[in-house]
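Chains here go by letter, A, B and C, matching the order in which they are written, and residues are numbered from 1 within each.
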Amino acid sequence: MANVAHRLAGVPNVPSWLGQGDDFQEQINAALNSRAHKERWKYTNPTPVLELLPLPTSVPDLGALPDQVTATNVSAETVNLPMSPTLDTAPEAYAAFCYQHRVDVLTVDGTPTTPLTIEHGARSGPMVLRLLANARLDLREVFTSDSDQQLHNLWVELGPGSQLLHSRNSFSQTTHWQFLHVVLAKDAHYQLHNHSTGARMRRQDIQVVCAAPGARAEITSASRVAEGRHHDQQITLEHTAANTVSQQTVRTIAEDRAKVTFNGRIHIHAQCNGADAQLSNRNLITGKNAKVNTKPELEIYTDDVKCAHGATIGQLDADHLFYFASRGIDEAQARELLGQAFLNSCVAGPLESEARAVLQAADHA
Amino acid sequence: MSESVDDLVKSNADYKAGFVTDIESDTLPPGLDESVVRFISNKKAEPDWLTQWRLQAFDAWREMDAPEWAHVQFPPVKFDEISYYSAPKALTDGPQSLDDVDPELLRTYEKLGIPLHEQEALAGVVQSNPNVAVDAVFDSVSITTTFKDKLAEAGVVFCPISEAVHSHPELVQRYLGSVVPQKDNFYAALNSAVFSDGSFVYIPKGVRCPMELSTYFRINERNTGQFERTLIVADEGAHVSYLEGCTAPMRDENQLHAAVVELVAMEGAEIKYSTVQNWYPGDENGKGGIYNFVTKRGLCAGAGAKISWTQVETGSAITWKYPSVVLRGDDSVGEFYSVALTGNVQQADTGTKMIHMGRNTKSTIISKGISTGRSQNTYRGLVRISPTAQNARNFTQCDSMLIGNSCGAHTFPYIENSNPSATIEHEATTSKVSEDQLFACQQRGIDPEKAVSMIVNGFCKEVFKELPMEFAVEAGKLLEVSLEGAVG
Amino acid sequence: MSLLEVRGLHATVDGKEILKGLDLTVRAGEVHAVMGPNGSGKSTLANVLAGRPGYTVTAGEVRLDGHNIVDWEPHVRAHAGMFLAFQYPVEIPGVSNMEFLKASLDAQAFARQAEQPGAAAFIKQARELAASLDLNPEFLKRGVNEGFSGGEKKRNEILQLLLLQPSLAILDETDSGLDIDALQVVAQGVNRFRSAETGVILITHYQRLLEYIVPDVVHVLADGKIVQSGDKNLALTLEEKGYAWLT
């Protein structure tokens, strides 16, 4: 990773909360070469993502903001985000603040009556979304650019009692890195509906921290990775407080020569009694030569918790296919219908109809 | 008032096997260089090919770095402070019969409950089973082997590997290193250079070994790493069940145990390898326990071959082992059943690797981890389905039980699939001994220690039922004794 | 000497005082019903008597056969003859019902320095009891309460009661969630247990159970204390007038 060290050497404006100039450069290099980082990039080459970092970004289109939402553009210096995750697990996400010195901050106070839709260009600088206490928001992220180099970086802070319904459709076919970090305060509730297709390189890093009692996070994800496409999802769910709940349901279809990677890490810290974490990852292979890597992880330091995870890899049931055939439905169509049924339970939320339209079709260039 | 589970933690005071035999030893001074490797080879009058094999391994080892794992912390092993050979002096020329064996040694084995005399075996120390042949290894030299005649009748070869090198050189040369090559990993390379003894087993075609084979061994001298090497070959259609169990005395310095076990199962053959492991785990602060870094691997070389690993681990300060199966033959089967209990400040990073290569291969993994005290218990597994592994099947169940609020239980299952026809199912759960379950047992008059023991035993049931009977009883008792240290 | 004597019992759970000076005397041969509105402390009473962790006695005495058991561990109280039929019996997977029952019997025999029951006799008795309580004897091989319906769990509690033969049985809302048939089976079991040497405390919310297990004394528990005691007719009055009638 000497390349990155070289690039960072020329970058001014490392925000003070990230460290001091040269010191930070060393830290970043160490992080990029750490065991944790190598683990997270075990099946995907990180270089394309690092090359995206210094590219120019644009401000996304927020449309007409509801009254309860204010948008400001501040310098990276003032943002002062918590170093959680640790630098080791997402050095790229922090490095972004060094390249993009302006950060868009959205603050929500109360409950807007209309959803907030963000239409992203190819690349946005880091964005921070803050929901104040008891605020509620319906957030929809749309990525419509067809640029070959896409990068998006969203940091969410949910105040006590707040609720965020977050929907995200990512269907571009290019090189696209999406970083998402969510911290939940007391009794906050986070719901993510993630729909995605494979791409030349699609990398989704999602990190959710249930940081106070009563915090609750639910993630559903439906993905179809077409012929020869790539899809790498790294989801980390940290429970750092007692009586927190998380649930993840992730389903992926891998077609011919698809390269699918999933890592779902659940980390329950010490003294977090009453934490409840569930993860289900199911992968359906419908084509030849698909490669599927899945690693659901549990790291548990408290005894009074409920945790379970399950991961499966399989194909369509021969009996089901035969049943369709016996009713006169040809195999190709049967496969399509069964594949859709497989993903269906994880296609949900405000953006579900657009998602269904895209994820239903088995053929993507 | 009644105690909660948390309150019941106390230090491990009574390690039953913790005693030392005072015998003169022929021990090399600490340190490892080429001359030590040659010395070991010469001591055993090994043929030149084997001396060269060891030296190649030694060269490779020197170039390697000691590996690190995320969840295991320990001060670096000082390889030049360990002696790599120790044999009790009285046996330098090998005993002709039990009468030649130092009586002090025999008393040691009596204390450990190991049967050397056939009459003793009948009277029953290994759970009253006359059908267990024992090859006892004492600090690097095999002492004696019983039941040689009965096995010889069946054509089964069961002897120390140092003997097999001379009596069956073609077999050893063909298979040694065929499953775990010298350069496979750091500790395997070290073992390949300095291994001093272990078991060699060969079961001829179509033969069902008439009894279960067993080895007991212990580490006795200070600062001697134990580097035994076991090689088991089951020819076409052969069956064998092998039991490995061990104990070790209390020590102040940590001791290294870097064994290598290779299993080869040919077409239609079956090897069952069971371990009940009770290395000294260190005191409540971890001082003095054994480092158990072992490479165990089985190769299903032929169609329809089957290899099962069953283990109950309760000892060693640090356990680092991944008994694995390479499923090369079509229709071959690999199984891994494990109970790993950690307490005090033990650290275990263990699991299995199932590598599917042939067609219609199947693997089953059932792992039960129990963490108590301030220990860390990690399951690390790999299920890899290569592109040629048509129709592979894997089922994995990893369950962790945490007792107390200061320990950790972790699961890192790697699943890598490159064949679309594979079916893989993995499940993991984490639980604790619930206060409700504990209270329910107590209200019925069962004391807290027994209650925890029952509940944990129930948790491990699926694995215990895979153990050969001799071991199942010992395993249950071992669990009880180990839990005694952690709870109540 | 009474079988059970509770005097001035104060107890807290999670720092909150639930029992506020409770008095209760049960003599051998008697069946006492304890009724009361939700939140009155009925289950707390059962758990405090059995010694469940998390319940702290801050004042008062509990004497079983004359011994003050307030500081005794739950299993020691069991050896002394106390039995609690749980409101929500817990599942213990991997531990068979058979194993559990045997361990309980053996522990108690050991404590009383009596001979442990032989395996064959024990199995025979367990099967007979199961059959009499409408439980498939095959359940003995399954994990404790694993996959049991609510009714089966309650009947399993009664089976244990009859097998272990305690001197004092506390039944914590054993009737909740039971249909009429199950209720009758349970009641028959409890009535079999009744004798001149044993005592029973029936904790219940509804009067219905008391038609099948007729109590000698009925107590009303409200706000952590026994506010009224009477004969079985008190239960009928409560049924008619509700608990508000008392305050």
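Rule of thumb we're sticking to: a residue touches a chain if its C-beta (ideal position, glycine included) is under 8 Å from a C-beta of that chain, and two chains touch if they have at least 3 such contacts.
Since the model is a prediction, treat every value here as computed from it, not as a measurement.
Taken chain by chain, the contacts run in an open path, each chain touching the next and the two ends left apart.
At the centre of the protein atoms shown, by the Cα-centroid criterion, sits B.
For the pair chain A and chain C, the distance between C-alpha centroids works out to 53 Å. Chain A and chain B have centres, each the mean of its CA atoms, that are 42 Å apart.
Chain B and chain C have Cα centroids separated by 48 Å. The set of chain C residues touching two or more other chains is empty. On the side of chain A, the complex with chain B involves touching residues 35-36, 270-271, 273, 285-315. Remark: chain C residues 50-54, 56-57, 71, 73-75, 77-79, 82-84, 86, 89-90, 92-95, 99-100, 103-104, 107-108, 111, 143-144, 160, 164 touch chain B in the complex.
Chain contact summary for the complex, chain B toward chain A: residues 68, 70, 387, 400, 402-418, 420-432. Per the touch definition, chain B reaches chain C in the complex via residues 1-4, 434-437, 439-448, 450-451, 454-455, 457-462.
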